[in-house]
Structure formats: C-alpha cells, structure tokens
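To start, the structure under review is shown below, and the notes come after it.
Should a chain be cited, it is by its letter among A, B, C and D, assigned in written order, with residues numbered from 1 in that chain.
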Amino acid sequence: MDILTLFVIVPALTVGILLFTKNLRQARLTALAGMLIQTAMAFHLLWRYWQERSAGNDAVMLFTKDKLWFPTWGIHYHIGVDGISVLMIMLTSLIVVAGIFVSWKIDDLPKEFFISLIMLATGVFGFFISLDLFTMFVFYEIAVIPMYLLIGIWGSGPREYAAMKLTLMLMGASALLLVAILGIYFHSSPDGHYTFNILEIAKNAAIPPAMQKIFFPLAFIGFGTIGALFPFHTWSPDGHASAPTAVSMLHAGVLMKLGGYGIFRVVMYLMPQGTLFWTDFFLVLAVIGVVYGAYSAIRQTDLKYINAYSSVSHLGLVLFGLLMLNKTAWNGAMLQSLSHGFITALFFALIGMIYGRTHTRDVTRMRGILRIIPFIATAYIIAGMANLGLPGFSGFVAEMNIFVGGFLNNDLFKQTMTVLAASSIVVTAVYILRVVGMMIYGKPKEEYRGIPQAQWYEKTAIYILIFFISAIGMIPSFWIKFIEPGVENFLKPFLH
Amino acid sequence: MIEGISIQLILTFTTLLFFIGLYGFLTRTNLIGMLISLELMLNSEAVNFVAFNQYLYPGKLQGSIFSLFIIALAAAETALALAIILQVFKMTGSTDVKEVKDLKY
Amino acid sequence: MSDYSWVIWIPVLPLASFLLLGLFNRYFRKEPIAAYIGMLSLGIAWVLSLYTAYQYYFVSGIQNGKYIPYLPFRWEWLQFSDHLSIELGTLIDPVSVMMLVVVTTISFMVQIYSRGYMHGDSGFARFYAYLSLFSFSMLSLVLANNLFQIYIFWELVGVSSFLLIGYYFEKPSAIAASKKAFIVTRFADFFFLTGILLIGYFAGTFDIETLNSMQTLKWIGAHPGPVFMGLSAVTWALILIFIGGAGKSAMFPLHIWLPDAMEGPTPVSALIHAATMVVAGVFLVARLFPLYYFTGDGFTLRIVAVVGAFSALFAAVIALTQEDIKRVLAYSTMSQIGYMMMALGVSGYEGHEGMGYMAGMFHLFTHAMFKALLFLAAGIIIHAVHSNYMKDMGGLKKYLPVTHWMFLFAALAISGIPPFAGFYSKDEILHAAFKYNTIIWFTGFFVAGLTAFYMFRLFFRIFYNGERTYEHPPKENSKFMLFPVVFLGILTISAGWIFTPFSLYVSPTREPFSYEVHYFSPLVLGSVLVALTGIGLAYLMYYKPTDYPSRVARAFGKLYFWAKNKFYVDEFYLFVTKKIIFDKIARPFAWFDRHVVDGMMNAIGNTTLWISEKIKFIQSGRMQEYGMYFIYGVVFLVMVYYFFNF
Amino acid sequence: MYWDIFHLMRNEILIIIAILTVMTVDLFLSKNKKHHVIRLAHLLFAVILIWSLLPGKTGYLFGHSYLTNPLINFFKAIMNIGVMLIMLQAVNWIKRDLIPQGFASEFYILIWASLLGLNYMISSGDFLMFYLGLELSALPIAAAVAFEFFRKRSAEAAIKYIMLAAMSSAIMLFGISLIYATSGSIYFHDIVNTKEMPLLELIGFVMMVSGVAFKISLVPFHFWTADVYEGAPTVISNYLSVISKGAAVFILMILLFIPLRRYEQTWTIMLYVLAVLTMFTGNFFALRQQNMKRFLAYSSVAQAGFILLGVIGGNVRALETVIYFILIYIFSNVAAFGAVHVIAMHSGKENMKDYEGLYRTNPLISLVLMLALFSLAGIPFLAGFFGKFFLYATAAEKGYYWLVFIAVINVTISLYYYLLPVRAAFLRKSENPIPHFKSDIYTRIGLVILVLGILFLGLYSPVYEYIAEISKIF
C-alpha cells in the first residue's frame, strides 16, 4: 500500500469499524484513534516530503501512483502530492482531530455523527491527493454530501433549510464544474487520447483558447462556490450557523479550502488563457466578496454569522490572491487557505463551547464571559486577533503576501483592487472588536455564574489550533518552503 | 390488387379509419366504446399491411403475415382489457371512463 | 566589544517575560513574583540599552565623523519576491539607540511603579504580561531595519495598547475606549500599509537603510512613478505612511482615541500614551527622514509641519478646558507631539539645517521623561483621592509633598522654563520653526504660552486652590510609586542641559555637530516670557478659588463651549461610523446579502416549486387527456423535425 | 443443430420451461400448499439467471427475425438479475396478500411471460418480432397491475395501462406500417439499405419511436407512468420502472443505431428535445410528490431523460454507457422501490410524511433507502454517479454541452427531491414513527445484494469494461 492511498484507506477503515461501535465512548475513541493515526501519517508525509525535496527530487508531484481505472475513458486513479497538498492534508487531519475533541460529548446518534464526519474527511483527503480530474471530482462530492446529514441531524436553528440550501448550492456548483471537466477532458489532447490527468493535460496544453474562455467561468464558479465566491456564498452563513460545532470547523476550516485549491490546481493550471481573459471579472467579484463580507459581518449579532461572513471575506482573499497570478500572491493565497483553516476552526470551536455553556450565540445577550470562562474567552480574543491579521499569527503573513503580491502587478487596476481589498483589514478589526467588546468584556451576567470551565478535551483542541496559528505566523518561511515549489510549478503556464 | 382501387384510396381509407378510431378513443366516455375505437385503429393497420404488401411488394408475404399477428394480438388485448374493465365495473359500478381518475397530479 | 550582539536581548527579555507571565498566568498568582519577573527583564534590558548607548555614542559609533549603522542581527523572516522581503533585524543607529534608552527607561520605571499602583488588582500578572508585551513590541519597533518590521510591531504595540486600555474590562467606558483606540489606529494603519506597498513597488525594497541611501533616493527621484493629483506615487506613499504615523501619534484628525485611552490604568497612560507608543509616528517620520526630505521637494514634510502645528494648537486649546486631569495630560501629549512633528516638518537636512530634526528628537526624549513623570504623579494623585477630576482635588500639597515638587518640575519643564529639560528641546523647535515660516513659529510660540497656562492651571488646582478635607486623607504610601517619580524628576531637571547639544547624538545625516544655546536671544526670551505669562495667568486664576475662571469662560462664549466639547470631533466620527458606516453601508450590505443575493437563491428554489405546483394540472388523471398529449407529442416531434430540416 | 438453436435462444426457452413447470406444479398443489411455489420459482429462476450469465454467441434464427449476440445476451442477463431481485422482494407480498387467496404461481407466470416478451423484443430482427415482444411484455403486466383486485387503485392503474398501452401500440403499428410501405421490408437489415426519406416515412418513424418512448416513459408519452406506478402493486411498479423501461431503451438504441441510422439527424434533434422535456417534467413533477411510489415514478421519468443523454451519442460509446447505466439504474431503483415496498408491507404506509423518524426505529432500511436515492441522484462513490457521469460524457463527446448543462441543472433539482425522503427519515423526529420491524430472509438477501451493487458496481471498473468490450457490435 503506498503512502498516499493510506490517507483514504485509514478513514475508510475507521468508518468501517465505527459501524460496529455500540456507544458514544467507543465511537469517539475509534474515531479519535483513526484520526490520530491519520495525523501521524500526515506528519510523516510532511517529513518524507521534506526528505525527498532535500534529496533533490524536483518532480512536480511526489509519491505519485498511477493505476488505470476505466481504460475506456482513460480514467486513472492517479495520486500524488506537492508541498501544498501535504500542508492541506496536515491541516485537515489536525482539524478533524480537533473536531473530534470538540464533539467529545455529542449525545444524539454519536456513531452516525462520527461516521459522517470521517466520511467527509475521507473526501477531503482524497481530493487533496488526486491528480486525476475524475477522482478529484468524486472525492469532492463525497466530501460535500455528508454535510447534509451532519447539519440536518445534529444542527440547530433552521437546520433543514440550511442543510438543503448548502447541499443544493454546492452540488449545483459541482454540476457546473462537471460540465467544465468534461469540456476539459474532450479537449485534453491533440490526438484524441483524452485524459483526465491534470499534469498531462497541462503538458499537452491542447485546450483551444475559445474553449477555455467558455469553461473557465464554469469551473471557476464551480469551485468558487465552495470557496465562498460572491454572489454564490449565501449557503455559507446559513450553513455555518446551523451546523454543529465540529462540522462548522471542518466545513469552514477545510471544506471551503477545496475551492481555492481546486481553482489553483485545476482551473487556472489547465486554462491559462481563460484565466487571463476572465481575471478582471472575477477579481472584481473577489474584491466585492472581501469587502462585502467584512461589512456584512459588522451588522450580525449571531456569532456564527459573524464568522461565516468573516470567512466569506477571508476566502475572498484566497481567490483574490490566486487571481493576481504571481508567486507572492499565490504563496499568500495558499498560506491564507491554511491560516484561515486553523483560525476559523478555532473560532467555531470556541463558539461551540460558548454556545454549549450559555445556550445563546447572540452577542447582544452575552456579557463579560472573560471573567467567567477566562480560558475560552482568552482563546477567543486570540482567535480574533489572528483573524484581524495581527502579526505573529498566521493571518498576517498570508494577507501580507497577498497584498504585496497583488501590488507587484504592473497594472493599476490590480493595484487599486489590492488597496480596496486591503481596506477590509480595518473592517475586520471593527467586527472582531465589536464582539470582544460586547461579549467578552463587560460585567458578567449573573445567570452565567458557575458555568463550567473548559474541559481537557476542549483545551486540547484549542491548544492544537492555536499552536499552528502561531507556528505559521511566527516562522512563515518554513511553511512557504513547502508551498513555493508547488506554486512555481503551477505558475509555469503563465510565464511565457 | 383490386382493379380500379388505387393504393392512395386504400391509404386514405385506412388513415381515416385510424383517425376515427383515435378520435373515438379520445372522446368516448365509455370504456367499452374506447376499446371498440382501439379495434378500429388496429384494423386500419391490418388493412394497411395487407394493402402495402399486395400493391407495393407483391412478391413477399411479410405484410400479410404481420396483419395476421395483429388480428391475433388485438383479440388478446381486447380479452384482457375487457377483464380489467370488468374489474373496474366491480369497483365503481360503471364502465364510465370518468370514474377512473383518482390517480392524478 | 562592538558587535552589539547583545542588542537582540533587549527586546527578547521582555518577550520572555511576556510568554512566561502570559502562558503560565495561573502560576503567578502571587504579585511579587510576577512583578519581579517583569522588572528583572526590563531592568536588564534597561542596563543593556544604556550600555549600548554608551558604546554607540561614545565608543564605537562614529567612524569618519559620522555615525555608522550596525545590523548585529538579521533574519529574513518572509520573502515576498526577489527584492521584497520582511527582515527582522536590529538596526543600531543614533535614532534607534536613543529610542532604546527612552523606551527601556520609561518601561522600567513604569514596571516598578505598577508594583505599587496595581497592588491588589486581580489581574496583576496579566497586567505585567501586557506591559512586557508592549515593551517587546516597542523595542522591536524602534530597532526595525525594515519598513515591514516597523509595520509588524506597529500592529503589536497597537494591540498591546488595546489590551491595556481595556484592562478594566468590566468598565463600559474602558471597553469603548480600547475599541476606539484600536480601530482608529487600525484605520490609519491601513494607509500605512498602502504606503508601504506603494513604496515597495516603486522603490523596490522595504529595507530602511536602502530606502534612505542616496542611491535609492536618486533612483526614486528619477522614477517617481505615475502622477496622481499632481503628486508622484512615492510622494503619495509617504503621505500615506505619515497618515499611519499620525494615527498612532494622535495627530488631528485621528487624535480622538488618545483622550479616551486614559481609561486604562495610569501607568499604562504614562508608558504608552505619553512617552513611547504615541511618539511612534514621530519616530516613523524621523526614520524615513531622508526619503521625506528628498522626495517631491519635501512636500510631505510641509504637510507634516502644518499638521503638527495645527494639532499642537488644537490640543492645547482643548486642554485649557478639560476637567479630568488625565485628559488634560492627554491633550497636552497630543500638543507636544504636534510640536515634534512640526519640528520634523520644518527641518532641513544637512548640518545646521538639520536642527529641526534634532530638536524634534530631543523633544521626544525630554518629553518622554517629563510627561511620564506627569502621568505617574497624576497616578499617585488619583490613587490618593480616587478621582480623576480636578473638582475633587485641591490643597493636596500638604498631603503629597514629593509629588507636588516633582509635578512642579515637570510642569516647568513642559512650559519651557530653563533649566528644565523641556526648555532645551522646545526652544530649538521654535528656533527651527522661526527660520522656516513665521506663521508656524507663531503657532508654536502661542501654544507654548497656552501650555504653560493649562499646566499650571492643573498644578494649582490640584495642589493649591484653597483647603479641602478628604474622607481618607491622601498619602504617598508606596515606595514603588515614589521611586520612579523621583527618578524621572531628577531626569527632568537634568536631562536638558546634560544632553545639550543633542545634535552630537542625533542628526538627519548622522554627522554629529554642535550648537550653542543663546539664552538671551530675543526668540528664547520671548518664548520664556510667554510661558511665564501663562504661568502668571494661571496663578491669578487658580492659585486660590476665584470666579475668574467662569468669567473668562463666559467671555470666550462659544469658543469655550466648543473647546470643552473637544470641537465635536468625536461626535463627527460617531456620526460617520454609526450613521454612515453602520447604517448606510453595513446594514444595507447585510440586508442586500439576506434579501437580494440570498433572496435570489431562495427565489430560484421557490420558483421551481411554484412551477411544479402550477403544472400539475397536466397530469389530470383522465386517460383520454393522456392520449391527447400523446398525439400532441407525435405532432410536436414531426414539427420539430420540420422546423430544423426544411 | 438443435443444441445451437437452444444455445442462441436459451434464455427464452428456459423461461418458457420455467413458466410451464410452475404452471404444471401449480396444478398439483392444493390451495394451502401454494407457498411451495415460491421456493420452486426462485430455484428455477436462479438457474436461468446463472445460465444467462454465461457468455453468449452471435447468431440469428428464423431468417433474421431473431438475432442474438453477446451484448443482447448480457442485457438479458441484466434483466434476469433485475427480475430476480424483484422476485426476492415480492415474496413477502405474495405470502401476505396472494397466498391467502390461493394465488402464487400466477405472479411468476405473468412476470416471466412479460420478461419473455422483453427478451423477444430486444432480440428482434424485424418489426414483427419487435411488436410481438412488446405486446407480450405489456399484456401480462397489465394483468399483474390489476393483481390487487380488492383495491380500486389497482384496477384504475390497470385500465389506464392497458388502454394507453394499446393506443400507443396502435399508433406505433401505424408507424411501422408506413415504414413498411416506404422501405418494403419489415426486416431491420433490409431497411438499412434504402436511401431517400419521404415525409411518409418520417411520420411513420416518429409514430414508431413514440411507441417505444411510451414504454420508456419519455415526456410527453409518460402520463401513464405515475398513475400506474402508484396504483400497481409496488413490485410491479418496480418491474415497470426498471426492466420494462431498460429493455425499451435497449431496443430503441438498437433500432436507432442500426436500421434507422440514416435518420440520425432526425432522431438526434428528437432525442435532444425529448431529453430536455423529460428531465424537466419528471423533476418538476417529482418535486412535490408525497406518495413514495408516485415520487419514484416521476423520478424514473426524469431518469429516462438522463438516459437519453447517452442514447444521443449514437455510437458504441453510447451503447455501452447506456447499458452500464441501466444496470446501475436497475440496482438503484429496485433498491429504492424495494425499501418503499418493505416499509409499506410492514406498516402499510407509503407517504413521505410517514417516514419521519424512520432511521431511529429502522436504521437499516433507512440506510438502504438513502443509498438508493443517493445513487439515483448520482452521488459518488455510489454506482449511480458513475453511470450518470458516463452518460454526460457521451453527450459531451458529441459536443452537446448545453444538453449536459441542462442535465446537471436537473440533477441539482433532482437532488432536492431525493433528499426529501432522506430528510424525513433521518433529520426529522416523529411522535409515532413506523415501529421497528424485521423483514424476511428473501427480502434481506435481495436488499443486501442491491446495496452491495450500489456500493461497488461503480467502483469496480471491470464491469464497465466488460460491457464496453461486448458493445462493439457495429
């Protein structure tokens, strides 16, 4: 068994074992064990990757494995990773572990919860290792569908509506993506040997520009929807607000990253001319998303809505960075994916913990929780600071890369857009501090006296996430070393 | 081949017959009536096959044989349909087609 | 030993203290331990700074008649592109060494002071952790060798300031103030960042030494980038950077957060909002002084001068009317920083031309000492009478004798009375301004008088102004609080003449030069006289309780009223944020998202369901209709074929 | 010689033998021993199924009236699998509803007879055989639809089915007669050679295709579908929705691709229009259905639209993807109907609202239902996704991106309604959910096989490759 396939096999096996668990205790332990193995593997992969690269292996993708699946259609099970996927895998495994810790006490249908959660994770892992459009798409949809059950069964509020909306919008988008994938496939080769292999398609570069112009927007919107591209982001506030904690974490932390990752790995890489043609249009959308998400967040009173809009804003930056088409901005976009993954997961974890204690997510109805649950409140402040791009945390590094990269374009339009996007950092500060001021500071309400402190499993989750937020923020160059070769390789179609 | 009667004439006749049957099928309120209209349609086709065979391709017997099968099948169909109509009659007490529109939308 | 490798420890020690106190907060419930950890780290940093200063200024700094920069530590923290990167480093040059001394001195004093002031507070360790965080950030800021490093620590001092202002997080006003401080400075930082990006793009580097080098300056002069509204891109960049600096230094119109920031504990006000962080803007302009001076013929410096002068006047006028002693001091701080900005703005570059620059830096230095002193003294007073308001004070001289004297020294210093520290720096500023532009000079001159007046108004109302009985007799009972006050008092008396001529240490070109103080020149005499006039007026009005103040207030009518209400700038901002940004932008955005964007998605769904409902009649249940549709279908298909093929 | 004939039409012969055996045995069984027929029937059909799985040969009989080749043979095997699975589900229905009234073998005889008709239909080499097969498949099923003669709905469904089927076959027959008039032969291989296309033939062609479209239930020839599916016994609805429809699609492809090849331009447009209409109509009607059977009926209409996406490809690729899809569709839909059937059998409830809280009382059957619906919706990694993906790819290969686009929009709509039963069963809680029940061994075996099929048919690519291999018949 090769090292990458294990990333799909282990969660799948975990799901298999989970089927036979009897109660919450067994279920959570099984899930935790499986995902801890996965995390260990993720770090092992990180290490192996490092070794390979140090040894001078400069292939685009490492640890590739290619197995013919449907010969008639040229569908392969083709996997491989570069630094970016390795980091994404690490992110996913960590957030799943944190998510399991956060859901330590889930009482309703625990077994099914963990099965769905890990099923989702399986899809995400598969997505990150795939190099074949078909497998990628398969894993993408595997990742989306469990969301329906996760939100629908264990959610709160208008969960049925939110779950349905989320599923339909994401699947609708993936349907557009499907058309684009077919379009790519049937132009993938000059001699009729069509292939789904990303690397090969890029090598052939046979997609006529006219076709690229048609399929680029389809694919971009297809992936962009899950990456909260304005105006296709509306599933995200409702979805996040209704989802149970771990799901929000995983969703905002990992699933939404699929969008940016897919655009980077597939859409732009395979359709460079299309990209150049459509850049300005989607750039405007991305900037609208960035600014608009931030402004919308100001008015919200539900913590989860605030963070959902914040995610719209911050993921807008990912798309924005990608559309800037240079190394710095792409580094930034990838870092932002990573960073936002940890930060937003931390946020949702904390919101879940607060909600579990105060039974409300309305900021106007809470006060002074810093006095009552100092650990959680402090962590919330840290998350907030990381979110508004405080140096020393990951958000800053990522955003600066994006802005500097955006500004490096010798194009006044893009520079103006960069300034507009950068203005969101002020608005971000406003909505973060608003929450801090309203909810965390102030005299505690009497009714909250004596609510329980953070438990060990909650603390573990928080520590894991904060550790990585700061680790990225403090030593960005270490992480960029992973990202950079990938970015350089995928930037090649644009450098001629 | 019948002297003095052209293929067009026969075709006109069968087409008329067919559409009369069709019209009957679509407008009769009685199930039995509809069944009779169906028979008209089937018969027009039987005539069609025979006529084409005789006028256009007299060498082979394909059309004539076809019409034989049509007759046989029409009988079978009618028998079965009648049985079911009987069933409907047992349930609703009439053979009116208006009685069978419970399943809708 | 001149590799300065120890310099890295100066910021690292406070960082270590922060991490220790922050992460293991709960193990430092005992006050002394937390306090001593903080004090120890800052103490060592202080000694190291002094040693650095000694080494740099007196031993190994000058080569060929010029201070040379040292870069004992550098780490390429984040590389953006081939040219652009964020380096973290410690740049040793005259300005940074001077700032090191200022920051560590004040920090150390405040750490000692807080041991007494914060005694008995539940968040004692937290307070020390924040203080250490601030010191770390500020020290790293002044040591920065890269524009982006400045930005990074700029943000960090901002957040420390936020945390410290909001230290009493159960007090609504403190919460509001902390939010305001952070958001206003953040708003300014956005311009700063944009400026950095512009500079990075047009100059091709973030490195401060490279930016200030003649080579780059020439290159920028030759390639100023696209012109927008008559100004080149680099000029714009510098203006934007200055806006950033103005935000942090509370220049008009971004000053609104500073008075409110007084909600923080008084030691914090002394450290951050008087002596160190607020002068970061001045430091920033000084850091990039060659760039400012040579780009666009120093256009930006003119803006700096005007903004500085106006802010000085504006703040001084408001300070005349305030009742809260910390607010008076806050406006005074703003006014004095205006002075410094003005000094930088009016400065030339080479030789004696650079007096303004030197004076600004000198004023920064002396101001840090006496303003910190004022705040710490105010802290003692507030601690003693449990109120911030002048109306609750009066006749405190006999209760707080030491404080009284120290306050007096500081007040004299800020009024510019020789031989106190303020005189030496302020006078040079006026000197430089006089050479530059009479209006600006006159503004400074007038503000000097106002300063003297409001400082002594404060002084007399606190310590004299009749007798008064207190429920709990105020007393100076904490050694920890008195020591820093006395120490700074000594500095206030001595720093001025000890360090004159300051240009031996700091000058725009880094070439030390010397100058004489002409004590009896008309300019000097004039400014001393105006200060004395101010003091005299204050004496008349406030030494004893009289009705002069109210009569004067009435005489000024509207102006007094406006000044008392801070010229309604806060209200204006409140209007902009609440009524425009919140109500006219954010709310419509939120509404738009819920009802238009989301509404569209829901509409698609609902339309689908609606269609589904509307077409259900087709399936009527009548089999003859089904047959009819069958026929329609056949006809339709034939027609489709016709339509396409014939 | 005879052995060869047997070998070429072994499926039909075996089915006839089975029918006769059951008939004969039934004669000797007293009224209270009828349940023995069940075991016998399953045994017999298992033998037929296994036999039919053996690879077939290419050949013809009765002077090209009867054709066979590995593909046709394989398709018959697929149908056998489907019928077998449906028979497994039917057992509890027979035991509960039919045996008390003294019936048992009739069900098997009717369904096998219909299967026999379908076998003849897909093997047909001329219009006569085609017509006979079609009628033979329709008439027994009409009788079977009326099987629950104590319910009015059953009778209504039956009368609608028989009448409309008769009308459609009459119209089709008229079309065939016109084609015969212009081409001079009822043999497929003779028709291929004629060149010009008069209007008469076009009309005949359209009429003929509409007859087949009726079986596939393409819009606007689909109206019987929902009513009949709802009224008929679930097992029969199941049979109609997969076996009968699948065979009709198969023969439609054979007809269009080989004898009616020269109309390609015509039928491409026709199929395009029909596909769009069918997908939209099926989906729009399915959206607000409450009755699960009716719901699945419209869903199967929509699925027919998707199938056309493959048919429109018009080449070997199309053949293989469509057959692959039908195989998967049989598994998915039989599972969906099966779940509905089982639930209805044990609780008498077949409305979506009754399913609320089902998962908490009957997790396994809810799981089967969910997997089946997800597979129908085309969600990976379930088999349905692979089937649908290849259908889209076939259409896209021809450049019909717009059609694919419309199809994916419809998939999204369809996902909405496929999620509704899932929502009811999993998301909702109910005051009085359907109580826990245990189904019998036949049903369980059937459902387990179906679930395994849904899970692995897509992932296991050799299935597809085998179909692709044998599909190269022209």
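Here, a contact is a pair of C-beta atoms (placed from the backbone, for glycine too) under 8 Å apart; a residue touches a chain by one contact, two chains touch by 3 or more.
All of these numbers come straight from a predicted model, not from anything done at the bench.
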Most distant chain from chain D, judged by the mean position of its C-alpha atoms: C
Chain centre separation in whole Å, for chain C relative to chain A (CA means): 37
Averaged-CA centre spacing for the pair chain D and chain B, given as whole angstrom: 27
Chain B-chain C separation of Cα centroids, rounded to whole Å: 97
Centre distance in Å when chain A and chain D are each reduced to the mean of their C-alpha atoms: 42
Multi-chain contact residues (two or more partners), chain C: 605, 616, 619, 621, 623, 627
Residue numbers of chain D (touch at least two other chains): 159-160, 163, 167, 171, 226-227, 416
Residue list for chain A, restricted to those that touch at least two other chains: 168
Touching chain combinations (by label order): A-C, A-D, B-C, B-D, C-D
Footprint of chain C on chain D - complex, ascending: 159-160, 163-164, 167-168, 171, 202-203, 206-207, 209-210, 213-214, 219-221, 223-224, 226-227, 265-266, 269-270, 273-274, 281, 284-285, 287-288, 413, 416
Residues of chain B defined as touching chain C within the complex: 22, 25-27, 34, 97-98, 100-105
Parts of chain C lying in touch with chain A, wherever the complex brings them together: 76-81, 84, 86, 148, 151-153, 155-156, 159, 162, 166, 169-170, 172, 174-176, 178-179, 182-183, 186-187, 189-190, 193-194, 197-198, 200-201, 226, 581-582, 585-587, 589-590, 593, 597-598, 600-602, 605
Touch list for chain A against partner chain C, complex: 165, 168-169, 230-231, 233-235, 237-238, 292, 295-296, 298-300, 309, 326-328, 368, 370-371, 385, 388-392, 396-397, 400-401, 403-405, 407-408, 412, 415, 418-419, 422-423, 425-426, 429-430, 433-434, 436-437, 440-444, 476-477, 480
Chain D residues touching chain B - in the complex, by the definition given at the top: 126-128, 131-132, 135, 139, 142-143, 146, 149, 152-153, 155-160, 162-163, 166-167, 170-171, 173-174, 176-178, 180-181, 184-187, 226-227, 230-231
